[in-house]
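Both of the next two complexes hold chain A, though its partner changes from chain B to chain C.
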Partner chain A sequence: MTARDLIPIAVLTILAALLPLVVTSSPVLNFLVFMLIVALGAQGWNILGGFGGQFSFGHAAFFGTGAYVTAILQLRYGVNAWAGLVLATGAGAVVGWSIGYLSFRSGLRGSYFALVTLAFAEVFRILANAASFTGGAAGLLIKLDVSPANLQFADRAVFYWLVLALVAAVLLLTRWIQRSRFGAQLVAVRENEDAAKALGVDSLAVKLRAIALSGAVTALSGCLYAQYFLYIDANIAYGSWISVELLLAPIIGGVGTVFGPVVGALTLHGLGEVAKQFAGRIPGIDLIVFGGVLVLAVAFARGGILGLLERLRDRGRGMVARGTKEVSHAGR
Partner chain B sequence: MYSPQIILEAALNGLMTGAVYALIALGLTLIYGVLHIINFAHGALLTCAMFGVWIAWAWLGMDPYLVILPLVPLMFALGYGLQRFVIGPASHGDDGNILLVTLGLSIVLENVLLALFQSDTRTLDTDYSFQVVALGPLLLSYPRVIGLGVAVVVTGLLWLVLNRTDTGKAIRAVAKEKLGANLVGIDVPHVYAVTFGMGCACLAVAAGLLMPTFYVNPRIGGAFVLVAFTVVVLGGMGSLPGALLGGLFIGVVESLCGLFLGDSLGQIGIFLIFIAVLLVRPTGLFGAKA
Partner chain C sequence: MLAVDGVSKRFGGLMAVDSASLALEPGGIVGLIGPNGAGKTTLFSMISGFVPPSDGRIRFEGTDITAEEPHRRAQRGIGRTFQIVQPFAGLTVCENIAVGAYLRHAKRADATARAREVARRVGLGAELDRPAGGLTVAGRKRLELARALATEPKLLLLDEVLAGLNPSEIRDIIPVIRGIRDEGVTILMIEHVMQAVMNLCERVYVLAQGRMIAEGPPAAVCADPRVIEAYLGHGAAARLAAEGAAHG
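This part shows the complex of A and B:
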């Protein structure tokens, strides 16, 4: 990675870190924290779905695992919240690798892979909803005990900075993946798995690494969710809506790009808030906007918002290039 | 211990629930077999049909079974329009895109229903909702017996349409070889839309059969769509008899799991079968080798 790779990430992170100094209203901070948690989970989806081309419709399986592992470790075994964070992330990697091993070994791809991930998430949801170990349908309540050692902060801004730092770390990770040999192999598998294999890429190993990383990052976001709201149940943590949300953000923002998931999460939730402001009490209005934006993005902006911007920039450059050509013609 | 009679009754009830699953899966598998797409909006479209039945009952006082007659052409038209004017043009013929477009559609449909009807659960009651039919020592729910009969008839009708009519011939041609069908003058986008419409028409029948004993709310479709995916994968994507048998089988599994494991775990059997089939034999029991 070069300075050119690092500077945009650093600048954006610093700008975002200054926000809580300007905005102090807690609903806005809540919104920002939630949006960043979604962005983080979506970054996890993007590693597998964006760079690897394996569209998962069940990333809730990882999100929920992160949330439940940290909650159960703290409640039942008295483990420290920070250790819980690390273990939850590890658990996400293990679950990711296992689901990946089962499905990729069987050669599932495309729609079949989407369906099998959806089914895994559903199995986890039903189990978590039924077992008493996971609190059953009542869910789990993490004890309120505000102290930095417990990963609970009196000031919302501190949690915001924590999530922001992790989002920035994953931005760096994604940029590294993009520049690394592993990333190149992953993209090769996405574009044409058979061709990649023929060139000696161990496609199974590459996909397994991707899904383990992806599971870890998304589990981390689930863990942060549990830690911020201090309550989870099966329908929140393993619900199909979280799976949808984690895939919407990268697709709207720009699938397989470093900033796509963050841009997408910001756009979606921003639009959702605007729609709520305008439409008032109509339930589900923000989700109607989400669905509509998804259809429009697929129809008209296949690279998402970032893809659209790039195309506009290229068109701008094209015009400049054409302009100079005309000038040189005139000169002749 | 469970007496054999309870187990048999549970199995038969499951068989009859399975008939409705089969109808929902028929639409899904038909669409998959021809368009080669997984229609994520199937559940939301079922919810639309169920609300259609409920509205006709609540506002016009129509019998839910009679509503099926006008609802079938309406759902056909809705499906035709969606495929022709939204899904087809928006997805540029790419698999992943179709998945996403139908997902987007399902989110929109579900939440439009939510905006219109709020999240309340609605039921309708008829004289026969709780009637039973005695079959020897067994007591069977009357609406479910009807459901089983209609599901078998509809499967037969669909088979006839596909195998004995010109439209059916065109549909099969497009399913086999899109380009060749186009070359001999078949209007492929039209056939796609007709197929999608037929898949939705199956949902109208399923909705009419479900409503006397079930309830509707804007999120109900999700519960059915995963089961329908399971049925389709189990029966083999694109296979009509596979969908019918798969549906019946899944109904029995769900009912027996519910009996032995309790209601909250009842559906887990379905998903474990789903995962197992996907991992071991993704072409399903009746599907052609991919």
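This part shows the complex of A and C:
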């Protein structure tokens, strides 16, 4: 990785970190924290779906695993919340690897893989809803005990900075993937699996590594969700809403790009909030907005917002180049 | 270095390859010719590991690789191109070739440098940053060759790299293939362009209806009545000989 790879990430992170110094209203901070948690989960989805081309419709399986693992460890075993965070992330990797092993080894691709992930998430949701170990339908309430040692902060801004730091870390991770052999092989598998194999790429191993990483990052976001709201139940943690959000954000922002998931999450939730302000009385107005944005993105911006910007920039450059040519012709 | 021993492939009731054998010594270019549907590409797929044989054994440098995965064979040094080109369409030419180069070079800088070098050798030096999806047919064929070459193979399987090219493009690429051989890479090529086969190959195998029917120097093989019949139909060799005699 070169300085040019790192500077945009550093600049954006620092700017975002300064935000709580200006904005102190707690609904806005609330919105930002929730948006960043979704962005983090979406970054996880993007590693597998964006770079690896394996579209998952069931990333709730990892999000929920992260949330439940940390909640159960704290409630039933008295494990420290920070340790819970690490273990939850690890659990996401294990669940990811296992789902990957079962589906990739049997050669599932495309829509079949998407359906299997959806099925896994639903099975987890139903199990978590039924078992008393996971609190059943009543869910789990993490004990309120505000202290940095318990990963609970009196000031929302601190939590914001924590999530932001993790989002930045995953931005770096994603940039590293993009610049590494692993990333090149992952993209090759996305573009053409047989050609990749002929070039010596162990496509199963590459996909398993990707889904384990993806599961870990998304589980981390689920864990932060549980830690921030201090309550989860099966329909929140393993619900299809989160699967949808985690795949919508990268698709809207720019699938397979470093910043795409964050841009997408910000756009979606920003628009959702605006819609709620103006038409708050209509329930589900934000979801209607999500749907509309998705239709627009699929119809007019296949590469998402970042892809659209890049095309506009290229067109701008083309016009500039043509312009100078015309000028030079005129000069002659 | 490569020994294919009585390999067969059955697709349902169809015997695509019927106990075909071939043996390659290190160095040199060997051709694999035969009419359409003879099973040449199926045989290639079995050698490179994409299609498991129904019967028979394949050995590479003395090791039995019959059941090995394609990527393991690539690691051992078997490179292949695809008859139907398979570019990573969303990537640039350089990135395409780098995927191959990463097999032997873990670092990005090394792999990219290697990719640039290979691109120049096959005549893609000027297209390095173009998206692979935007290449011409000739460009894509070169890209197939470059990617396989970037894996630094000991044995290169070329599946109709000349098909779809015009005569001047063929003239351009023949020295490239010869150059690869001169570096010590053994080449097995499926080819329909007979001019190229005659020009390049020291030896050819002829596959017809799944069976290996002839083997030898190209000139001798083309005069073989069994080969003529395989291409032109039963009795063709006799008719041709009779006509030749009448005109003579």
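Some observations on this one:
In this section, the second predicted complex is superposed on the first by the 326 of 332 C-alpha atoms of A that agree within 3 Å, B and C clash if a C-alpha of one lies under 4 Å from a C-alpha of the other, contacts with A are read in each partner's own complex, and residues count from 1 in each chain.
Note that in this section a contact is a pair of C-beta atoms (placed from the backbone, for glycine too) under 8 Å apart; a residue touches a chain by one contact, two chains touch by 3 or more.
Owing to the predicted nature of the structure, the values given are computational and were not obtained by experimental measurement.
Comparing chain B with chain C, the partner in contact with more residues of chain A is B. In the superposed model, A:L199 lies in contact with chain C only, and not with chain B. Applying the stated contact rule after C-alpha superposition, one finds that A:S240 touches chain B and leaves chain C untouched.
Of the two partner chains placed by the overlay, neither chain B nor chain C lies in contact with A:D145.
In the overlay built on the shared chain, the residue A:D314 is in contact with neither chain B nor chain C. When both complexes are overlaid on chain A, the residue A:V123 reaches chain B alone and has no touch with chain C. Legend: residue contacts after superposition of the two complexes on their common chain; A:S106 is shown touching chain B, with no touch to chain C.
By the document's definition of touching, neither partner reaches A:D155: not chain B, not chain C.
In the superposition on chain A, A:Q185 contacts chain C only, with no contact to chain B. Judged by the document's definition of touching, no chain A residue lies at the interface with chain B and also at the interface with chain C.
Residues 37-38, 86, 89-92, 95-97, 99-101, 103-112, 114-115, 118-119, 218, 222, 226, 229-230, 233, 262, 264-265, 267-268, 271-272, 274-275, 278-280, 282 of chain B touch chain A in their complex. Against chain C, the residues of chain A that register as touching in their complex are 179-181, 184-185, 187-188, 191-192, 194-203. Of all the residues in chain C, the ones that touch chain A in their complex are 48, 50, 69-71, 74-75, 79-80, 82, 86-91, 95, 98-100, 102-103, 106-108, 111, 147-148, 150-151. Those residues of chain A lying in contact with chain B across their complex are 55, 57, 102-103, 106-108, 110-112, 114-116, 118-120, 122-123, 126-127, 129-130, 137, 240, 244, 251, 282-285, 287-288, 290-295, 298-299, 302.
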